Every structure is written in C-alpha cells, then in structure tokens.
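Each chain gets a letter, A, B and C, in the order it is written, and its residues are counted from 1.
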Amino acid sequence: MAYLIIKDDIKNLLDELIKVKAVFAPKKDAEDTVLFGKLASGAEWYGDSLLTHTTAKDKVYLQSETFFKIKKDKNGVFLEDPAEPAETVIFGCRPCDARGFDIIGKLFNWSGFVDEYYTKRIQKTTIITISCEKPESTCFCTSFLNGSPVNSTGSDLLLTPLKEGSCLAEAITAKGEAIITGYSRYFKEAGAAEEKAKIEFKTEAEKKITKKLDLPGIKQKLDTSFDSSYWDTAHLPCVKCGACTFVCPTCYCFDITEKAFDNINSERVRSWDTCMSELFTRMAGGVNPRIDTKKRFRQRFMHKFNYHVDNFKEELCTGCGRCIKACPVSIDIRSVIENV
Amino acid sequence: MDKELQDLIKKLLTEKKVDYAIGYEKAYDEFSTRPAFVTSAEDTARLIFNKYCINNLGLYLTKLKKNKIALICKGCDIPTVRELVKEKQFSRENVIVIGAACDGVLDKRTGKQPEKCLNCGVKQPKGADFTVGTAKDSTTARNFNDVAEFEKKSSKEKMQFWDRQFEKCIRCYACRNVCPVCYCPDCFAQRSMPEYLNKNVDAEENKMFHMIRMQHVFGRCTDCKACDTACPVNIPLTLLTKKLAKDAKELFNYESGADMDARPPLSTYDEDDPESGIM
Amino acid sequence: MAENIYKPHLAKVVEIKAETGDIKSYKFELQDPEVRKTFTWKAGQFLILDIFGIGETIFTFANPQTRSEFVECTIRKVGRVTEAIHELEIGATVGLRGPYGNWFPFDKWQGKNLLYIAGGVGLAALRSSIEFALDTFKDFKKKTILYGARSPLDICYKDRFSDWEKVPDTEIILTADKGADGWKHKVGFVPAVLKEVHPSPADSVAIICGPPIMIKFVLKELLDLGFTPEQIVTTLEMRMKCGLGKCGRCNVKHLYICKDGPVFTYSQLKDLPDEY
C-alpha cells in the first residue's frame, strides 16, 4: 500500500520524530558542506543536494566505536559495555546509500560471526530514503542488479517526489510501516495515478544516468588481470589517501586499537581503516605484503569488483559516485575498472 | 594552447629529454581534470590545460625521484618545485618545468575560483623552463587580508570555528597526501612506537593531527592550497596555510619556495628571532 | 544475542619462560572456570591476545588440544604490543579471544610420515602440531623435525627436544646458520640441510613455517625431492585485527588468512598471487 505525504508535512513529520528519536538528515554548513547531522528541528533539513559529502554509513557503523571500557587496577581488570544505542532515524539518504547498509550488513553477519555493535544499531535505525530526481554525471547505480534511483533495498521507507509538491511514501519494512501508522495524519492513501507517476519518475531519472558498466564482463576481466601491466601505470595519479574509502557507503575495513587515558583507564576502539594506507597490512617488524602503492591501488578495485563478488555474489559498490567526487585527483572508479 | 603544450611535450619525449610528462587530462566530465602521466609521444593528445586544472602536480616529483620529468605547472605551482629542489628531494636537472599561463582555476567542489586565484601575482608563470600561453592579467598583489581579519577574532571564537571544522574531519589524510612537502615516508600520524596520534577519530585527535602537520610544514609550505582543495568535507585549510605564509613573511621575512639561497626560518637561529610563535 | 565476538575472556599469566634473547613463552590460565571448560581449540588455530591498555595482537596456540590445561603462546618481541607482553609479570591479567582459523588436517595424515621444517620463531607455529602428533604418535609413521635458527642462542624450545625424542620414531635435526663453541648439531641454512637429509616423499607430508625467504627455498628443495604441492603444508601470517574475516586486511584474493587459513597446502597457494 502506497501513501502520499505533502512536502510541507515532511518538516512537520521530522519535528515529531525529533521528539522521540535521534534524527539525522542532510544539513548544510557555512562551508557549503552537506553532511548528515543531528536535527534540532525539521527546518534544518537541507534537501536540495543530491548527495551529502560523506554517507550516512557513520550513523550505524561509527567511524570510531568504543567496544568496551577497560579499568585495570590492583583489584584486576574490569570491562564495561558501552551504553545501548539510541533509537535513530536516518532521513533523506539516497537509494545508493541505503543499499550500502544492506551490503555491509551481510559482511557483519558473515560466516556466523555476528558483529553486535553494527547489528544493534541497525536494528534501532529507521532509514527513510528519498528517490533521486536529478542523478549527476558521477552516478552509476543502474549498473548494478536492481540498482536504480528508486531502489528500495536497505530502506525502511521510500519517498519518491512526484509533481504537485508531494511524495509517494512506500513502507518497505515493518519499521517503515510504523512511521506511516504512527504519524498517519501526515499520510493519505495514494491512488493508481500516483503509482503510475512513480514509474514515469523512474524512467525519467534512469535516463539521466548515462554510464552503464558491464559488471559481469568486468568481473571476468579482473579474474585474470592481477598480474596485468595495466596496474603499473593506472595507480600513478593516486595519492593513496583514504578519501575514496571513507566517503564510500560500502567500504567497511577497520582497525581495532586502544585509546588509553592513563595507566588505569582505556577503551577498546574500532575505527574505519583504509586499504590505501601503507599501515593497513604492515606487520610488526616491518614486513608488508602490500608495501607497493600499486598493490594497494589494485586491492581496492579487486576487492570491490572481484573478491567480494566471489564471496558475496554482489559488488562492494552501489554506484553512488562519491569516491569520484571526493578523490583529490579525480580518479574515476568506472574508468579504472573498465580500462583493465 | 593545448596544441602548443602537446607539441612541446611530444618534442621532449621524442628527444628523450624526459621519461615522463606529467600534465592534465579530462576526468569524469567537462568540469574536471586529473593528473596524466605520459611516456610516449603518441600519447600526448590527451594532455590539456584549462581552468579546471586545479591540482599541483609538483606532488609527484618526490614519487618519481629517479626519473627525468617534464612537469606542467601553473605559476602558483612553481614554488613547490623550487622548495623540493631546495630540500634536496629532487634534482633541478631532472625536472623540466613547463609553465602554463593561467587566468585562475575553478574548484570542482564549488565551481568558484579559490581565494588564491583572486589574489594571484603569477598568472603568467615565473621561473619556468618553457612557458605556454599568455595570461590576461597578472598583477594582483598578494595580500593577507582574510587571515588578518580572522586574527581579529577572539580566542574563543577561533576555537569554536576550528572545533567545528575538525569535527567534520574524517582523517582520510587527503590533505597530507596531496601536500608536495608532506613527503615523509613514515608520517608521525602513523607511528606506533611511540604513538603520537591515536587512530580514534574525534575532534581532539583530528585537531592534534592538523596542528602538528601545520608545524611540520611551517617555512616549507608554499601555500599552494592543494590540501584545501583536496578536503572532501571542505575544511578551509587555506586559512591555516596562509597564516603560515603570513607568519613566515612577517616574523622572518621569508617566503617558501621563493629565494633558493635564503635559509629556512626554522633551520637558523638569530638572537633577534621573534618569540610570538612560542606557545 | 549471542556472545560479543570482540570481547575477550580474562586470563592470568601463570608461567613465563625465556626461550632466547627476544623470545619468551607464556602460560595463561582462563579466570572463569566455566570458560576454562568450554574453551577448546585445534592445533594450527590462533588466538587474539589482549594486553589491556596497549592493544591486541594475534598468536598461534603453542600447545595442542591434548595438553590444554593452560593456553600457551611463544612470543617474539617485535613491536609495540609484543614489547608490552615481554614486560608482563606472573599474575598479570590479559584477555584472550578465539580460537580462530582452520587447523592442520591430521585426519588426512593418518599413517603417514610427518616432516616438520621450521626456522626461527616459526617453530612456535608448528609446536602445537608437533606435540599433537607426538601425543597421538601411533596414528603416524616417522616424525622428523628439522629446525634451524640464526645461531645456537636463537634456538627455541631447547628443553623440549629431549621429551620429543623419547617418542618412538621421532628424529630431531637441529641446525644453526652460524655455529658456536659446543654446538654439536649441524651448521648451515635449513634448505641446504634439507637437501643433505634427503627425505623421501613417499607417504609423507611436509609441514613448514619460518621466514619467507626460508619458505621460498625450502619449497624449491621439497619439489626437487619429489614432494607434490598437495604434500606440502604451511601456515601463513599476515596483519590481522579481527580474526573473523571482517576487518578486511589479511586477504589474498578472496581468501582471508584468518578465516580460510592460516593453514594452506602449497597446491592452494601456488595459484594465488604473491601477496602474503
């Protein structure tokens, strides 16, 4: 069952949600940076940009997450669990961001090992996604199976802007359903005309995405190109920073370190890490299997479009194109893998 | 201008004067370029120069130390080459500097000209081995007005401003990795024995990182703005790098990458050295 | 929800023994009696040792499941965490989590000759396997241990060899890259000694661990001797953080050393790129 919500009511809905949950939505600051920030009122939501500079990933998979607190004194060692995560709403992310949660969620449950920090957070998070009306030149979500500016994978509630200032609201999960039933005064039932309008929206939006990758073909090429001389030159412009990996909705690699406050108190912390860093694979003593910048560059693309496909039958990428925009030297992930 | 540039590089490569030409090529759309590494005369057709050529290619000199390189530089990138030569990171004989006349570049993130272009005295490059093109006007004197304006703020205001900036920082190290003078193979930020910086990303650790980096590049940073334009979350690092340039100028009458013979301010001692920088 | 996979069990250091100048062996006793009963592993698997206030790092279980009263690790001082471990005193509290990874496939080795080849601290990674084989010696034919270190002083587990040799059909061959006064064993690199010893590949398995350069030349020797890639087994080491296939750094192609390894046959490895 689909519903309609008028755009003015979206702000009212946000104001209501703020009262009971932590609501994160795109906010614009003085430097024109648009990031997911905690809303104090619905009016703070900035809905005019297609993509935020970084993803909403860090609202569920924190960039630095305290696993537990450690107290070590003469009476022994005591571990204290962190507080339970709060009920959270991520509002206004895009289908590519939402699908990222679906992809890393599988990793965090891989082979029977359940990552409880991620799992607890995602269970308490409601993801309200807005379909993309104006995809940009860096977008390539349609290259992926089911990828589209209206894709609902990973979302709890999908809003698709239609003409006449209203959005079609579709509950994808029970959490999405709960938003519609809990705040029913803002939603009215949609008719066949609106559902048809969504199909037109999809066609129009998809037309704007001109780049389409042959991902099965690329996977096949990558299978045999590990030793290709292509990598000798392809990596040269790359400066091996971690911008691409940190703005990515699917990059999940992490490090576990200790944050010590004094000789007694410390915290075990997980922080995002990046395969671009020399430190990522350097062992104590200095041996490093990926010491070459070339090897690290290759690893990123191989992981996303080859190794991860072997393990999970899907690419570690949603086609959001953020890495292309964030790259200080404008490396285009699409052409890197197409030109192998 | 592209043709002139391509012909020159074709000649240098054909005559084996250089192994690599590092220039710009079109990136993902008409509004973006990326560094291009060209090794053969046949491959020069992709080289371009336009107002989207924002990267400072001097960055790559320390990564290709053993090679002879033709490097395309805007007027504002040339001090980087001088600084690296001065720091003995690269031999001047190994680099042919091709100056590209530039009427200002556009930041791909904002579509606007960065502050350095509005405040530029080297649109027509100075100190290049070859120059292509002619800039329209080239005589804006450099000023530090924006930094001076910022200095007027109270400590509390400054702190609030930077706290807000470093809260945004994701410690991707793009600023460090695009910095031509941040070439340390083992940056303090990744040392484990001792551990100067915790991997934990929060405003305090981030601030620590940026402050130490700024200290490390004082008197070496040419204020090229590579770090500022590289930041994926638009932290205005230009305010810091320009402050470094201003302090070097005002306290030590020194400009990084300008005079090959001047001694860097932090490697000399004079009884009359100002102490205002001591915390 | 099930147990938190990142949370360690508390354990106490009950014994410390200096093996060489920079290698020490530790015995840890799990604090919780319930955990002590259920915490089991198989030779070849590894654990993550947690030095509170410093951090975590990975080690193989030095003792096999047949001698599991304590958890034992042999640790060389190479970095920040191992330096802190070497500072530990008896009674100190540490954390343990695991076991992780796969194990040596003893069920496939029934009735075979076992040839262990180790260099330096690499013997620690094979000790659990060696001692398991010795404890269940009737299941195997000849057990040969070829072990080399830089110098006689760098030989690890010196005082264990006499016990090992008492087990029927067991031979220990020791070598040092450089000899010293009173050294009664061989002098020379492990691959050269291997060539001299000339073991037969018939009905045998070679299990190797040591520095990469040793492994490289030992592999060549073994293949020359007629061992097939399926008959050669090794255990790999890479930087690891989670031990669970999630942190993303210990992969060789799509395989994660922590989850799909660390034990591999050479027939698996030879088709993988040299990125470990």
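FYI, a contact is a pair of C-beta atoms (placed from the backbone, for glycine too) under 8 Å apart; a residue touches a chain by one contact, two chains touch by 3 or more.
Bear in mind the structure is a predicted one, so any value in this text is a computation, not a measurement.
Peer 1: Stepping chain to touching chain, what's the minimum from chain A to chain C?
Peer 2: Each step joins two touching chains, and the minimum needed here is 1.
Peer 1: Among the chains, which is located farthest from chain C on the basis of C-alpha centroids?
Peer 2: It is B whose centre lies farthest from that of chain C.
Peer 1: Measuring centre to centre with CA averages, how many angstrom lie between chain A and chain C?
Peer 2: Centre-to-centre distance between chain A and chain C: 40 Å.
Peer 1: Just give me the whole-number Å value for how far the CA centre of chain B lies from that of chain C.
Peer 2: Here chain B and chain C have centroids separated by 49 Å.
Peer 1: Whole-Å distance, chain A centre to chain B centre, using C-alpha means?
Peer 2: For chain A versus chain B, the centre distance works out to 31 Å.
Peer 1: Show the residues in chain A shared as contacts by 2 or more other chains, in ascending order.
Peer 2: 255, 257, 273 - these are the residues of chain A that touch more than one other chain.
Peer 1: Residues touching two or more other chains, restricted to chain C: which are they?
Peer 2: Residues 79-80 of chain C touch two or more partner chains.
Peer 1: Quick check: what residues of chain B touch more than one other chain, meaning two or more?
Peer 2: Counting only residues that touch two or more other chains, chain B contributes none.
Peer 1: Applying the document's contact rule, which stretches of chain A touch chain B when the two form their complex?
Peer 2: Residue list for chain A touching chain B: 29, 31-33, 35, 53-54, 63-64, 137-138, 233, 236-237, 239-243, 245-247, 255, 257, 259, 269, 271-274, 277-279, 324-326, 328-332, 334-335.
Peer 1: Over in the complex, which chain C residues touch chain B? Could you list them?
Peer 2: 79-80, 83
Peer 1: Okay, in this complex, where on chain A does chain C touch?
Peer 2: Of all residues in chain A, those touching chain C are 67-68, 70, 72, 76-77, 79, 81, 107-108, 110-111, 113-117, 119-120, 226-227, 252-258, 260, 263, 266, 268, 270, 273, 275, 280-285, 287, 289-290, 295, 302-303, 306-308, 310-311.
Peer 1: Which of the residues in chain C come into contact with chain A in the complex?
Peer 2: Those residues of chain C that touch chain A are 1-2, 4-8, 10, 50, 52-57, 78-82, 93, 95, 212, 237-239, 241-242, 244-251, 253-254, 259, 273, 275-276.
Peer 1: Applying the document's contact rule, which stretches of chain B touch chain A when the two form their complex?
Peer 2: 27-29, 32-37, 39, 55, 59-60, 108-110, 164-165, 168, 170-174, 176-178, 190, 198-202, 226, 229-230, 232-236
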